[in-house]
Each structure stands twice: as structure tokens, then as C-alpha cells.
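Supplied in C-alpha cells, the structure appears directly below.
Each chain gets a letter, A, B, C and D, in the order it is written, and its residues are counted from 1.
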Amino acid sequence: MSAPTELLAAAASHTSTGEAFQFWVLGTVAVIGALCTILMRKAVHSALCLAGTMIILAIFYLANGAYFLGIVQVVVYTGAIMMLFLFVVMLVGVTAADSLKETIKGQRWWAAACGLGFGVLLVAGIGNASLTTFTGLGAANANGNVEGLAALIFTKYVFAFEITGALLITSAVGAMVLTHRERTERAKTQREMSEERVRGKHLPPLPAPGVYARHNAVDIAGLLPDGTPSELTVNQTLRGRGQIRDVSSEAIADLKALEQRSEERLGRDEEAVK
Amino acid sequence: MSFPLLTATAALPALGAIATAAVPAARRTAAKWLALLVSVGTLVLAAIQLVRFEPGGARYQLTESHAWIKDFGVRYELGVDGIGVALIGLTALLIPFIIAAGWHDADPLETSAGPDSSFAAGRWRPTQGFFALILAVEAMVVLSFEATDVFLFYILFEAMLIPMYFLIGGFGDRAHAQGDEAAATQRSYAAVKFLLYNLVGGLIMLAAVIGLYVVAGSFSLNEIAAARASGSLHMATNTERLLFLGFFFAFAVKAPLWPLHTWLPNAMGEATAPVAVLITAVVDKVGTFAMLRFCLQLFPEASKWATPVIVVLAVISIIYGALLAVGQRDIKRLVAYASISHFGFIIMGIFAMTSQGQSGATLYMVNHGISTAALMLVAGFLISRRGSRLISDYGGVQKVAPVLAGTFLIGGLATLSLPGLAPFVSEFLVLVGTFSRYPAAGVVATLGIVLAALYVLVLYQRTMTGPVKAEVQGMPDLKVRELLVVAPLIGLLIFLGVYPKPLTDIVNPAVRQTMSDVQKKDPNPVVEAAK
Amino acid sequence: MDNLIALLIAAPLLGAAVLLCGGRKLDKAGHWLGTLLAGASFVIGAVLFVDMLGRSADHRTVTKHLFSWIPVEGFQADVGFQLDQLSMTFVLLITGVGTLIHIYSIGYMEHDENRRRFFGYLNLFLAAMLLLVLADNYLLLYVGWEGVGLASYLLIGFWQHKPSAATAAKKAFLVNRVGDMGLSIAIMVMFTTFGSFAFSTVLGETGGASSGRNTAIGLMLLLAACGKSAQVPLQSWLGDAMEGPTPVSALIHAATMVTAGVYLITRSGAIFNAVPDVQTVVVIVGTVTLLFGAIVGCAKDDIKKALAGSTMSQIGYMVLATGLGPIGYVFAIMHLVTHGFFKAGLFLGAGSVMHGMNDEVDMRRYGGLRKYMPVTFVTFGLGYLAIIGFPGLSGFFSKDKIIEAAFAKGGTEGWILGAVTLLGAAITAYYMTRVMVMTFFGEERWKHAKTPAPDQPGVEPAAQTHGAHDEPHPHESPKSMTIPMIVLAFGSVFAGGIFGIGDRFVKWLEPVTSFDHGNSPVAEWTVTAATIVCLLIGVGLAVAQYGRKPVPAVAPRGSLLTRAARRDLLQDDFNHVVLVRGGEHLTRSLVYLDHSLVDGVVNGTAASVGGLSGRLRKLQNGFARSYAVSMFGGAVVIIAATLLMRAV
Amino acid sequence: MNPVNYLYLAALLFTIGAAGVLIRRNAIVVFMCVELMLNACNLAFVCFSRLHGNLDGQIIAFFTMVVAAAEVVVGLAIIVSLFRSRHSASVDDASLMKL
């Protein structure tokens, strides 16, 4: 019961130096995180950076006397939503790093211009507004922040609350409808599978990935004797994602280098003969 | 509540159009006869109008008035003055001839139904469609001559374009090899051009109409005119001028005034001869008529302000149209440019602001309608025989088809307004009327009669005289149907040329009214002025 | 009685209507009907003439108001007739000569399958010409004026299958139209000046109008007269008009229509008297044309063209006379009438010669015809004597009077005019003698003459029916052709005497045209003597040149003047280069401009709009992100706007 | 320190997020950026509630979160199905709106 009161005090119109320190440090970190979110080439990294930013925001909520929101932020956002993101990222391909090269002409410049103008305007707007006196949440949070929120939610905003509930259900159903795939044919029995396997082209297990080609990794296709990569050697999922790293070019390059060297040596020999 | 004669005159062809369109595809001939019957019936109604109209009486007679769109004070107001009734007579008179002349123009056997079929979903039936559209045009034109409510008039003015568009674009000149792609594209080009030009004019007019409502608070011609006369409605000079220009522009496009004329040659060149007549002899008259009725009556001051410029433009049209007519290689385009020259005369007469000029202009509308119909329809018969519109493809027709040549010559002589034929009366009135106010314009315009002689006679010489061309050899002379179409027109030309009094008696009072609207008086003869 | 006036016109008009509308079934009787109606109107004219003689000189004018034609406020055009001595003179001339020529045509056009149409046109012409001279106001006169133009167009181009004929007809109509333009402008000025264009008003109130307006009216009327009467500078059509059948040339382009200009000027005498400057112009025009026509007449080998030239110059005489004012009007009309007789006779003679010579018109292929066609020879000869003004014959009286009047103008111009007219008389004698000699005397050059060269103008289609490909065998023409010639010959012999002796004609016309003797600086007999001397000189020269030595079958190159004269003194070349070429270029460039400029502006706008929208279409590239950018930009703009609003 | 700085921070984050939406092609990352923007808004709301001394701002932020959750669920589902259909999560590949 003591911590809330202190924080209440902290949530006064003028902040304590502690909060100021916290704001400057964490604020910087949050901004950096945001920037990383949009600059990282890999979705995973972006997601992680975003998660960090969100946690910082959660702390800021707390600092602003929104205890419930702070917790919810951590639990729902960082805990649930970001994880959902990560799942999808995995599904789509963790290693898929999309190039930051812009394809649409002038897009980046326009974006920069708009963003800049927007930011400037917002800042200007905030600057214009006379926001000197902060009432602080002392009175509002007098008998607990959660209770206050609850009072509002279940009285004033009850309809909105109900509607959001409906929205959530709808979205859940929607998501299911969107992603659900109807199984049209009967699931195969083990017997049928084995028979298929016997009839199929590959009786033995699939060839191993290109561990023989100086690359000890599963996403590299093994080379056939003629130097062409064999799709079969790479895992189906990776194939599906198109994440096969092709080595044939490197191999050919190596071959070239080898021949080059031998040529030189021979050339030297001839000179020696003369 | 007496019998609504004006409504009936417009409603009959409208219903007839629907009925004609509804005739089953197989009963093609029935549709033709039905259309002809309806048009004749309309002619009868128009004749009744002429009889029941008392020249000495009120300005607008046989009036009808019903509330239509209450919120904007739009009323269904009809009424005819001398000018309107004369033009209604002209329209109702010409349509039967147009229908008879176009008797075979839409027979599906040879017509390229290709472009047509794309118009309407389901079974598009060229013949029925053709005659139904003609009747629809007649209905709208007649009603627009009767409308005394600006908004009502505007709607008709615009709606007219739709059937005309299909008539031009849908039913090409049979002279062209059927299914000829180039011809089809040219035709649709012409149709689109016609539509665009007139739509632009219409849009500007719409703005002006709304502006007028804002200023005057009413669409009723009578109310506004009365308010202007009594001075209770005062327009700022600039407002009035802008509104005037808005109206005038639309009318100048419709009645092609240089330099807004270029749609006419394409339209008349590509359309079949009867449709070409419909364009120039009937539909375009709405433009000149509206100048007289709306521009002068609603915006007298602005009209007077704009007069000098308009007269100059009109003179340019006269000379320019005539010169281009001389330079044409295509019979129908030649007639089209001749019409441009004649419309120049009409507009010049209207804005000369003399009773001679305006009566002449009104007579000119009627006479030009008849004479152009005569010339163009005969030209159409000629073209349908040889299958070409090029003047150079003809020669020596007079030898093989003397009657055709003779009627063609008379039509031509009417076009060059030979004394004794109707156009001379109107043209001379316009010239005198203009001369008495703008001598220079009058003199320059008189050059037009020489040029007219030039293009008509050159056309006649190249097509009709000289050694008989091989393709022309054995060309049949006018058939009975064709003769029945042309002969009455020629008779009318001669009658109105010798005894135009019946017409002038109807027109003069209306013109007197218009003159008083613009508060203008005929200039006195110098000698009397001296006395 | 005055109802007959309307009937006068109605008769030939009816004929025209019937003959032109009635179908081929009328071919049998058509020409008779036409002739009959023409004759009928002559009879009516004669009746009216007698009736008029019955009244005293001051009460001879009859007016007949038929109906109100175009009534528009101040502009009151009526259809009304006015028959006074002047009109009566013309009526008799027109119907008389007209009837004769109808009769002549029966024979002349025998082999033409369109004879009915021909007579229809002739009747139409008679009606229009009568309307012209009977109208009591200028607008109605204008109707007749253009009516005769139309008739002449139809008749010149009667053989339409000949391009030359069609072209000539068109040319005639166009040149006339230029003149008509003058007339219509004149009428407009009259209306704005007097508020009317009735003869009574206009000619009565001339004094009230400013001289400027009178001058305008006068000049415009003169322009009209030039067009119709083939005066310089609008004379170029007359020569080509000879493409028409010869009777047409005789009736329209010699006797009646071409003299309409003289009628117009005489009729409007009051106006011209009011403005002497215009009269001077008239005189100049007349004089120039007089010499022009004469010179052209000397050079032509085509007999009809030669006669056309002479017509031109004779009308020059008349116009000159009218330009002299009250001194000259009467004599102008008198010469007009006599000229009507002998020139018509000459043309008919020429026609008869051509008829006998397989429609050969080149005089160099004639010669010695007098013993083959005696009647033609005699009548032609009488006409010839009349036109050169052989003492005692009609030409002598009329032309002599004009020459006297020219001297009577007084002052230096009097002398100049007198000299010119005398010179003209000499030249007239010269070229007429030339025609006479080349045609009827000398060796018979038509023997062993091959058929006319294809490029020969004016080869009439009757040639085919005659079988033009064998050597011509001249023969006398049928009665229907010779009788009119004989009658006209009588006219050309005695008319002058009847009119001239005792100034009958002067007295007859004076009430209408007014008359004064002027003050001639020279005695009458001296002028007469001088005339006769000039005449003899002219004849002598011609005989010396063409009678003594044989005429070459092919025209010698000749002097520059001769060659120019053969080409109508280069008038046509001038017209062609300046008007035709120029006009063609103008129209062609205008057609191009209309397409590229006037139309181009509009199409250009359309194209540019299309291009713009095409470029805008590229913004819709389908990338959600670029849409997002635009949306974001929009948001920025809105925020900026709101902030600005607040700031303001 | 004046708490208004929180607003400045929110503005900054929002702008960065927006820029990310515009710049990145990967649908997932774009989505993250949207989330970032939403969070920025939330921060602003919270700050405002502190400013006005009542809890409505927090309520709105709360609703935002809920809606965001729903949106993420559906959005990710869409992305997944998109990826299934065309083996890529790039927003530019789904550019069939072009004529």
C-alpha cells in the first residue's frame, strides 16, 4: 500500500528527478529499439527490438500511474501478441532476410519527407498546446487504479467493452476461417504410406544434404557428380521457403581457380624448358 | 381545363416512338407505317395549333402550366408564340418526309448491324430503333419549342442529344461499303464529337441556368421576363453578361456558329441523308430559336452589349462556311458547310436587332429547313444510287436521270436563295435588317450570295452536267416514293417564295414583342429623319 | 384593262410551268404551245399598246398593285406592276422578238430531243424579262433580274453534256451574281435612305437624300448594269455565252437580256441625274466597253463570238448614251430597240449559216455562201447595213443620234466622247464588213474542208444528226427559220426611220425619261457626214484586207493586239490568274485550316486531357505502400491545415 | 522534468512506426510498425490521463490494446494465408490492384 502512494506522489504535476533519469535513459533505448525495428533486415530481430520497446513502454505506463495498463502491456502485448508475431515469423521463415533496397521509385524520399513533416508538425502541435499544469492521478487512483478502471469500464464504457468482446470473438473466428484448410481426402493409414513409399521412386532415405561439399549445413544442396545441386538433399520445409543455399556456383568457381593454377604451373614449366 | 393541345403535339410522337420500338422484329414494315402515321398525326396537331393561334392575341397562347418540382419552383409550363408555332409547324412538316426518305435506310438486310447491336442489351432491332429514335427527337424538339420554363427547356435541350447520338453513330451512310471498318470508326468519331460539343455547351448552360435561378429565384420565363420588365428584378451588369454568355455559348454550339462549327460537317457527312436533315433542319433550329426566346428576353442588356461581337462572328460564319463549301469534295459535307453559312445569316439577323432582321431570321429558320431538306434528301437519293459521297465520282447525271437532276437543281437554287424561292425572302430580310444597323456587316454578308452561287453551281456542274460517267450510266431516275418526298417540298419552297405573307403575319407580332423586350426600334429612313 | 398586265407575264409563265413539269408526252406539241403562249403575250402587249396610245401623253402610265409580298413593319414589298412608255417599249421588243425567235427555234431545234425543255426555258425567260421591265419597285425588278439570269444560265448550258457549255453557263451566272450583289446593296441603301424601294418613292425623293447615298446607289446600280449588260469589267461572260444555241444568243445575248442594264440606268435616271460624278463613271464604262467590244469583234474568227463582241460594243454605245443624262436616255433606248432588231437578225442569220454548214462556226471555213443561201444572205446583209449605220437604215438613225448626243455633252469631254464614238463607228463598219465578206463573198473555202477540229468551241450536237464527217453542202434553211429573219430584216430597215423621223420616239419617251437637246458644238449635218466618212473608211479597210486577197484558212499569228483581242484582251486570263487561282488557293488553305486549326484546338485539348490522365494513371501502381504514402501525406497536409487554422 | 516529454516521445515513436510502414516490404515487419504506432498512441493517452487527472485516457488505451489484439490476430492470419498462396510475405507482391 506504500508503493502506490509514492508513485502517486511521483505522478504529480512535476516529476521527480528519478523519473526524469528513467525517462531519458529508457526513452533513448525505446527510440533505438523502434529504429532497429524498422531497420533490421531480419523479421526476428525486428520483433525482438519491438518487444523491448514495448516493455519500456510498459514501464512508462507504470511511471504514469497506469498500473493496470503497465501490467497488461507486458502480459498481453509483449507476452501474447509479440509471441504470435514470432510464431508467424518462424512459420514464414526465420532466416528470410529481406533486402532493404527500395523497389518503388521515390517511395523512400516521399516516406522520409512525410515522416519528417509529420513529426515536426506533431511536435509543433504539442509545443503549441499549453500543457504546463498536470493534475496528476492522485485523486483518480485514490482507491486503486484497477478499481477505478473497472468502475469506468463496467459503467460508463460498458457497451464499448461488450462490443470489443464481440470483436475479439469475431476476430478469433475470422483468423480460424482464414487459415483453416479443409482436409478433403481421408487420412492415409500407415500401410498405405509404406506401400506408396515402396512404389515411389525413393525407396532408400533421401540423400543427405551437402555435407560432402565442404559445407556442413542442412540448407545446402548436395552436389551430384556433374556438379549440379540436387534438390532432394534439402529439407522439404526449407525447399518450400526457398531457403536453399546454392553452392554450385562456388564449386564451379573453385574448379576454375584450380584449373587456373594448373595452367600457370604448366606455363612455367614450358618457360623452364625453353 | 381545355384540351392540352401542346402536350398532345409532343406526346403523340413520344408515344409513337415507344410503340414503334415495341413492334416485333419481324413486322418491320408495320413499324415504318406506324411511324409515318404518327408523324402525320403530329403534323395534323401542329396544323391545328397554327389554326388556333391568333397572331394578334396574347404573346404566349395555348398555355399549360403544372407544378413539377415544387422545391425548385420548376414548372411544366408550355406556351407558343408566333416563332414557336412556326417552327413547330416546320418540324412536324419535315418529319414525315424524313421518315419517308429514310424508308430503307435502316433495313437490316444490308445495314451493318455490327455497331448497332452493341447499343442495347438483348435484341436491338435497327429498323424499329431508327424510326423510334426519329420520333423521339421530334417529340423533344417540339416540346422544347413549347417550353416556357427554363429548366424544362434545358432538360429537353440536353435529352435531345441521346437519340441523335444513336442516330448518327448507329445508322451509317449506306453509301459506304457496309461493314467497312473505317466508315464505322469515322461514324462513331462523328457521333462522339457531336455529343461532346453539345454536352460541353449544355454543361455551361446548366451553370447559367442554376445561376439564373439563384439570381431570379424562378425558372419561369414569364415570371422572370415580367420581373425584368417591371424592374422588380435587377441584375448586376456583370452577372447578366455572364449568364447571357452561358446561355449563348450552348446555343452557339447547337446552331453552329464559327468557330464552334466543326462538329456539324462530320455529323452530317457520316449520318444518313435523312438524319443529316434532322440535324441541320430540325435540331439545330432549337439553338437559334432559343437565342431569340431566351437570350434576348432574359438578358436584353447583355444581348445588346454582345451584339457587335456576335454579328462579326456571324459574318465570319457566312463567308467562312461558304468558302469551305466551295472547297469540299464530299457532297454532304458541302451541304453542311453551306448550312453553317446559312446559320450565320440567321444569327446575324437575330442580333441585328431590327424587326426585318428578326422576322427574316425566323423565316430563314423555316425556309432553310425546307430548302436544305430538299437538297439533302435528293443528294441522299443520288448517293444511295451510286454508293459514293465524292463529287468527283459523278458526272452527266442530268442525262440519265433528268428529274433527279432537276429537283437537285431547284434545291440548289433555293440554297443560293434565288428570288421567287422561299429562302430569298428571308435572306434579303436579314440582309436589309442588318444593313440598316450595321452597313459594313450587311455589305460583307452580301458577298455570301455570290459564294453561294459558286458552290451550288460548281456542285451541280460537276455532278449533273458534262459527259456521262461510266458508273453513272443507267442510273435510275427518282422513284415514286422519292418524288413524293421531294415534290411537296419544292412546291412549298415556291409558294413561300411567292406568297410568304401567311408566315410573316404569324411571325411579325412575336418579333414586335422581342424588339420591345430589348427596347430597340428600327432605325428610321434617313430621308424621313431629315424631314 | 390593267389586269392584262398580269396576264402578260402569266402567259409565258404558264407555258414554262406546263412544259417543264409536263412529261415527255408533251414532246410532240410542246414547241407549239410555247410559241403560242409567247405570241399570246405579244398580242396582249399590242392590245395594251393600242390602249396606251389612246390616252394622252401624261396619263399613259398604268400601275397595277397585285398583292402584298413581304410585309415586315417598315419593309413593305409589294407585287405591283407599272406600265409606262418605257416598259411598253420593252414589252413590245421582248414579246415581239421573242415570238419570232420561238418560231425560228421550231426549225432550228428540230433534231434536239430536249426541244420541249428548250421552249420551257424560253418561256421562263420571257416571263422573267417581262417581270423585270414591268415591276413597279426595285425588289420585284430584282426578282426578274435574277430570273433572266437563271433562264440565261439554263439556256447557255442547254447542251449540258458539253463541259464548255456547262462552264460557260456557270460563268455567266456567277458574273451576273456579282452584278446582282450590286443591285441588292443598292436596294438596301434605298431602303435605309427612303424607307422604300418603289420607283415612285425612290425616284421621287432623290433630292431629299444626301449626295453620298445617291452616289452609293448609283454606283451599285451601275455595277448591276455592268453585270447584266456585259460592260467592262464584268463583260467576260458574254463571249462564252455563245456556247448556247444560236436562238438563245439572238434573243437573250443580243436583243433583250443584255440590254436590261440600259433599262435599269434609264429607269433610275433621276438618281443618276442627281450625281454627275456617277454619270461620268457610266460614260467611262460605256466608252471603254464600246472600244473593247469593237476590238474583240475585229479579231474573232468564230462568227458568233465576233457578233458577241459587236453586241458588247453596241451596248457600250447605249450605256454611254445613258451616261449623258437626259440628252441620251431616249437615244439609248432607241438604239436598244433598233439594235434588238438587227442584231437578232444577224444572229439568226449566223445561226442559219451554221445550220447549213454543219454547225461550222469558223468564218475562215466559210466564203461565197451568197448563192447557196440567198435569203440568209439578203437578211443578213440588211442587218449588216443597219448595224454599220448605212444611211436610211435603222442603225443610222439611232447611232447617229448617240454620236450627236456625245458631242452635245459639251466641253472637252464632249469632243473626246464624240471622237471615240466616231472611231467606234468606223471599227464597227470594219469588223462587220469583215464578217460579211468572209462569210458570203470570196472563194468557197469550205470545199475540201475537213470536219471541224475537235478543239473547235461551240460544235453543236446537231452535228451528229447532220453527219458532220462529210464535206458540208450549204443549203437554205427551212421556212420556220427564214420567215423570222425576214421579219427582223424589215425591222432593221424601217424601225430607225419610223422612230427617228420627226422625233416620234423622243416624244414617245420624253414623259418618262425627260429629254433636252443639249447644245451641240457642231452642226447636225457635220456629225452625220463625219459618221458616213468613218463608216466608209472602215468598210474600205475591211474590203481591202479580206475582199481583195484570199483569206488564209488558218488564222495568221497577227499582231500583239490581235492575239490579245482573240483572247478577249486577256480578260479571262486575268480572271483565271487572279480570281480562280487565288480562290482555289484560299479555299484549299481554309479547308486545311478548318481541319488543323479550328478542329485541331479542340482535339488538342482532348488529347492533352487524355495524356494527363494517362500520367495520373501511373500513380495507381497497385503498391499498397505508395498508397499509404499518399494517405500519410494527406494526413500531414490536414494536420498542417488545422494547425495553421488554429495559428491564424 | 515536465511529463509533456512523454508526448514528444510518443510522437517520435509514432513517426518512426509510420516511416517503417512506408519503408518495409515484409508484411510482418509492416505489421510490427503498426503495432509500434498503436503503442505510441497508448503512451500519449496514458500521458493525457495523467494530464487531466482522470482515467478515461487509460480506458481508451485499454480498448486500443484489445482492438490491436483482434487486429493482430486477423492480420497475421491474412499474412499466413497470403504466404501460403504466393510463398512470400512481401506487400509489394500483392499488387494486383494495378490496371
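In the analysis below, contacts are C-beta pairs under 8 Å (C-beta built on N, C-alpha and C of every residue); 3 or more make two chains touch, one makes a residue touch a chain.
Chain identities (UniProt): A = NADH-quinone oxidoreductase subunit J; D = NADH-quinone oxidoreductase subunit K.
This one's a predicted model, so the numbers in the text were calculated from it and none came from an experiment.
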Find out how few touching-chain steps suffice to connect chain B with chain D. 2
Measure off the straight-line distance from the CA centroid of chain A to the CA centroid of chain B, and report it in whole Å. 75
Whole-Å distance, C-alpha centre of chain A to that of chain D, is 14
Using Cα averages as centroids, what's the distance between chain C and chain D in whole Å? 98
Using mean C-alpha positions as chain centres, tell me how far chain A is from chain C in Å, no decimals. 104
Listing for chain B: what residues touch at least two other chains? none
Going by residue number, chain D touches two or more other chains at 18, 22, 25, 92
Touching two or more other chains in chain C are residues 621, 623, 625, 629, 632
Set of all touching chain pairs, with the criterion as stated earlier: A-C, A-D, B-C, C-D
Along chain B, where are the residues that touch chain C in the complex? 196-197, 258-259, 261-262, 320, 323-324, 326-328, 355-356, 359-360, 396, 398-399, 406, 413, 418-420, 424-425, 428-429, 431-432, 435-436, 439, 442-443, 446-447, 449-450, 453-454, 457-458, 461, 464-468, 498-501, 504, 508, 511-512, 522-528, 530-531
Contact footprint of chain C on chain D as seen in their complex: 18, 21-22, 25, 91-92, 94-99
Going by the contact rule set out above, which residues of chain C touch chain A in the complex? 621, 623, 625-626, 629, 632-633, 635-636, 639-640, 643, 646-647
Listed in rising order, the residues of chain A that touch chain C in the complex are 104, 107, 110-111, 114-115, 117-118, 121-122, 124-125, 128
Hey, which residues of chain A end up touching chain D in the complex? 11, 13-15, 17, 19-20, 23, 27, 30-31, 34-35, 37-38, 43, 46-47, 50, 53-54, 57, 60-61, 64-66, 68-69, 72-73, 76-77, 80-81, 84-85, 88-89, 91-92, 96, 98, 100, 102-104, 107-108, 110-112, 114-115, 118-119, 122-123, 126, 131-132, 134-141, 145, 148-149, 152-153, 157, 160-161, 164, 167-168, 170-172, 174-176, 178-179, 240-242
